[in-house]
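Two complexes come next, and they have one chain in common, subunit A, joined by subunit B in the first and subunit C in the second.
This part shows the complex of A and B:
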């Protein structure tokens, strides 16, 4: 495809140092992804798989400062290219003893300053983000209208307050807020969760960003409201055509909205490819984890056959003691005698198995 | 046919929100009818699913049955005995037969007790089996919920979500419960763990003959494991029937709306555009609708040109038997 990528992530690694465990928590461990203009990339994974930390690393919003953050994040709009990932190396010193890291000393303020300088003009303006909990993300003491208008003033060329308010109203209409004129003057507490999420989306879109990152935009909302938000995102995608990274644990949401999908597990991408291939149970080959994951969600098929979903035994990977070999080794049901040793001792690469479809599994890359 | 283990008759639970002394004296306090007269029964070895949007009163139903919140009126019959009028001393023998699995994993377990103490407390609360008996019983419970013995020395915060849920289930079984209220048992869990817990609940039902009231907003899971399903809207049951028929041939417009709102929604017969746009108000107990509570969001009401019968306060639709073990509260049920 000739469309240029807006966002390119290469070998991103974000480790947090845990004092009590005296070890690094490898939240993101070598992730490489690409988002093309107009495309929606879905990132699916269970909690702790590193999907949110990946997004936060890209946008420079990691709260607890990481011990290590490396890799390359390229962001390209209209010929301008930003390299978004600051090197934390200058701000961290590792105290080692017998080759073991015993203490990590961080210059958090210096690092923060560097990140903020780097993100100036990008975060909020070129890259917007929608967060999981809309009520917490909105300021409870400022009316919905003022919050959207503030985003317009800060992030677009509009400097006139009245114009900004008009623009804000326009975006509230775009996200199909019911009676936008009334909502404009209301506070977040007066709105339902679904309406708050609409306001968040309006705010995120008001800067007309080149990239929208939506982190669990439907989680925590009622199922009836969820489907409305998904419908809205789907329509906005068609109408506005904004390039989106959609992060969710809900496979149905991701399947509905994404063009391509990355399935994450234990800080790495296990399968990456077109959504209709990766998330369709009928498309083969599949990564054993993705296969099991699709099988564990109650679907139409289970109901028709009166079968219970098949559970994936075991627990979600803990990223402190990541295994040497494949991260899914302990829970995998497809290991054969021939490859067992390899699976246990050697981590497979994310390799292309067909055009645009990558997989990290010894079964398929042999 | 096995007999009913639980029979709920015209259960009501009203909360009042105080607006201050003056209003109270004038009798103008706001009354919120969280449960407004619901009746159902559950047979032995049966699972009833209770679904509805958040705030519709599902959890309050569970808590009222368990006696965790005093009810305003109505009856809760367990094995034919009305629990709501029993004195505390006679309530206890029933309490050990009915237990609840709470929604919040972390709030349900004491963070300062190890798993062993949590289970020991539950095992010894009604019986005194002696140290050896306690250990045997705890091992038996671990085996039933499929939890490793090494976890006995862990504190709740050291457990994963699935393990915490298993401890919660083991604790409910420890006293010998026959009936469990499972309040959103899977909602706080990871996708791959949800299926483990659902399968565990189904296995336990088969092995121990348990009955469940399964409260959830996950319609697929409810449809899969329930024998019958009740759909709640604003404190009332609007439709009730066998799980498969509720899901595939909903009669109440709200039921159809719920099932077709699933993101991977199936296309139900005769529902081209489920719900339509702009019909989504939020649940509002404080400004109750006169007549049918659902009218303001109801596509049928809108399509039929707003018939007066739907909003007439004197003709609120009642839950009527329409045959084939099906009940629906609607003036214009779908066909």
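This part shows the complex of A and C:
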């Protein structure tokens, strides 16, 4: 743990108000994570577990209200420290009932203005983002080359258009775009999804960021293209060595690219630690959810033992009516009589069970 | 790549011209049919009270069958001959061009007024949502758009002459064509405000801008530190604005007929009105064809702008 963290997230909560349900959707509900320089942090979880919202909260791109309501996000590069969230007290006031937030009053316009000011010179320049659905995430009215060159002009020292175009071409080559010279002048509509994702990656890297956030970079692509993009990300990681947050519901992708892993469920982190421990079925102890998650994907073991992958029973947690106790309570198979009451009524903390390995489960922290 | 975009351009242009030709054929046929079925015809109008029609027709070799009449009219138009006005005896085309210039001033000016009022409201409310500033403005736009233009015209005349004694209101009699600069403004403003399109421009533009602001590529633009406006202007502003101008040209022309009547503006609309009253067949048909051409040119312009904004998407 000698390497300093680039990104530190503490107690992040991002809520959305659902008019139809007259209640809060607790998309992110108390997330704390750290990303150290040079490492790749993988965030896995089912759809709706709050992975993407966590990332969007970090770079201030949450539009729906109320959005971020608690937390601290620190960002540190070469001794310069940024706080990426406005101080909560200035904009938000909360009302709690039984230790749960039931009312939020937030000055959203002031908040947004403040966020944009804090993010100036950080978003795009120090932190880049790759989105899912590359074909709709690129501007359909602007050529690929211009979009990459724009990022170069905005975020690097280069001010000359021709130099920027040169640099853009260089990055298109780096992401192994076939015939980059031709692609340069084409529109996103002329390119396949995989090519668009390469362009997206080129654009994100072209600002030479200190942190790259990849939000489901392989989702929505053909599986052959998926593995090519994963290969590319792996190679770039070795060549460029940029600190990365990788968000994916695909455990294989995360296992291949990540150094450490956070498993999210219902807006919280259930297990957090080195990738080879968290995602290895043989390493014990495991959080029951992670255990079930690993059971649900086909692996060598399934083939060898002639077993079928097992689905996790039950529904994904409805964060509007999150239970008082453990969020995985309804679907958990490991509850014993001794701890059942605790599991139902009291949410466990994310506690350290060995050095650098944290877990949120009464089985292991009892 | 350049070659393919040239080919797309040629294809789009060819298709548009084909549509225009079809449309003009349809319009000419419909106008002709309406006038043919209406009681009376130009010939009896010309020879009112004189000797029996049929004998003269035959003597002059004028066709009686409807298709023969139609074809002879169309073939003349194709050669640039729109005929002469029954009433004044002047060639139709040059008359239309002469007064058409005045209508062009009126309609373009009015369109400009409409946009100057509607665009800021649309942009503000797209950006900020419904606030204490944008909501009243939007409501005002809807109320104003609901006012009938002839009523607005008379109210404007009443207020400016009877209250303030301003503006020489009657622009010109049918004889004089000189336009006075101050007299110019009132009809233009009245048509601009009263043509009923302000609310539609506001609604459409706000919707499109709002939709584009929520597009994922705008989020990407924000994520790379770029300008949201720069990335949304093409799809969110240029495309919808040309689209709505093109679709609203008929409404502005229709409003111009009323406004020209109210303010005695020597334009195409008033000429059409008079022609209809005096049953000046060649003039009515000529004006209709020209109006259809103008409307089509609006759509054509829209296609050209779309193509310039995004060559890749204009093909479909």
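In the analysis below, the second predicted complex is superposed on the first by the 341 of 366 C-alpha atoms of A that agree within 3 Å, B and C clash if a C-alpha of one lies under 4 Å from a C-alpha of the other, contacts with A are read in each partner's own complex, and residues count from 1 in each chain.
We adopt the following convention: a residue touches a chain if its C-beta (ideal position, glycine included) is under 8 Å from a C-beta of that chain, and two chains touch if they have at least 3 such contacts.
In this text, all values refer to a predicted model and were calculated from it rather than measured experimentally.
Under the stated touch criterion, which partner chain does A:164 make contact with: subunit B (first), subunit C (second), both, or neither?
It touches nothing on subunit B or subunit C.
Applying the touch criterion given at the start, work out whether A:155 contacts subunit B, subunit C, both or neither, answering first, second, both or neither.
The second partner, subunit C, only.
One more residue to check, A:140. First (subunit B), second (subunit C), both or neither?
Second partner only, subunit C.
Could you look at A:311 and tell me whether it touches subunit B, subunit C, both or neither (first, second, both, neither)?
first
Given the touch rule stated above, what does A:124 touch, subunit B (first), subunit C (second), both, or neither?
A:124 sits against subunit C, while subunit B stays out of touch.
Taking the superposition on A as described, I'd like to know which of subunit B and subunit C A:228 touches: first, second, both or neither.
First partner only.
For A:252, using the defined touch cut-off, is the partner it touches subunit B, subunit C, both, or neither? Pick first, second, both or neither.
First partner only.
Common interface residues of subunit A with subunit B and subunit C?
none
Spell out the part of subunit A that touches subunit C in their complex, as residue ranges.
Those residues of subunit A that touch subunit C are 59, 61, 63, 120-121, 123-125, 128-129, 131, 133, 136-142, 150-151, 154-155, 182, 185-187, 189-190, 200, 203-204, 207.
Would you tell me which residues of subunit C are touching subunit A in their complex?
1, 214-217, 219-226, 231, 234-235, 309-313
Please give the residue numbers of subunit B that touch subunit A in the complex, ascending.
Touching subunit A: residues 53-54, 160, 162-163, 190-196, 198-199, 202, 217-221, 223-225, 247, 257-258, 261-266, 275, 277-278, 280, 282 of subunit B.
Could you list, by residue number, the parts of subunit A that touch subunit B in their complex?
The contact residues of subunit A facing subunit B are 46-47, 176, 178, 192, 194-195, 218, 222-228, 230, 249-253, 255-256, 292-293, 296-300, 302-303, 308-313, 315-316.
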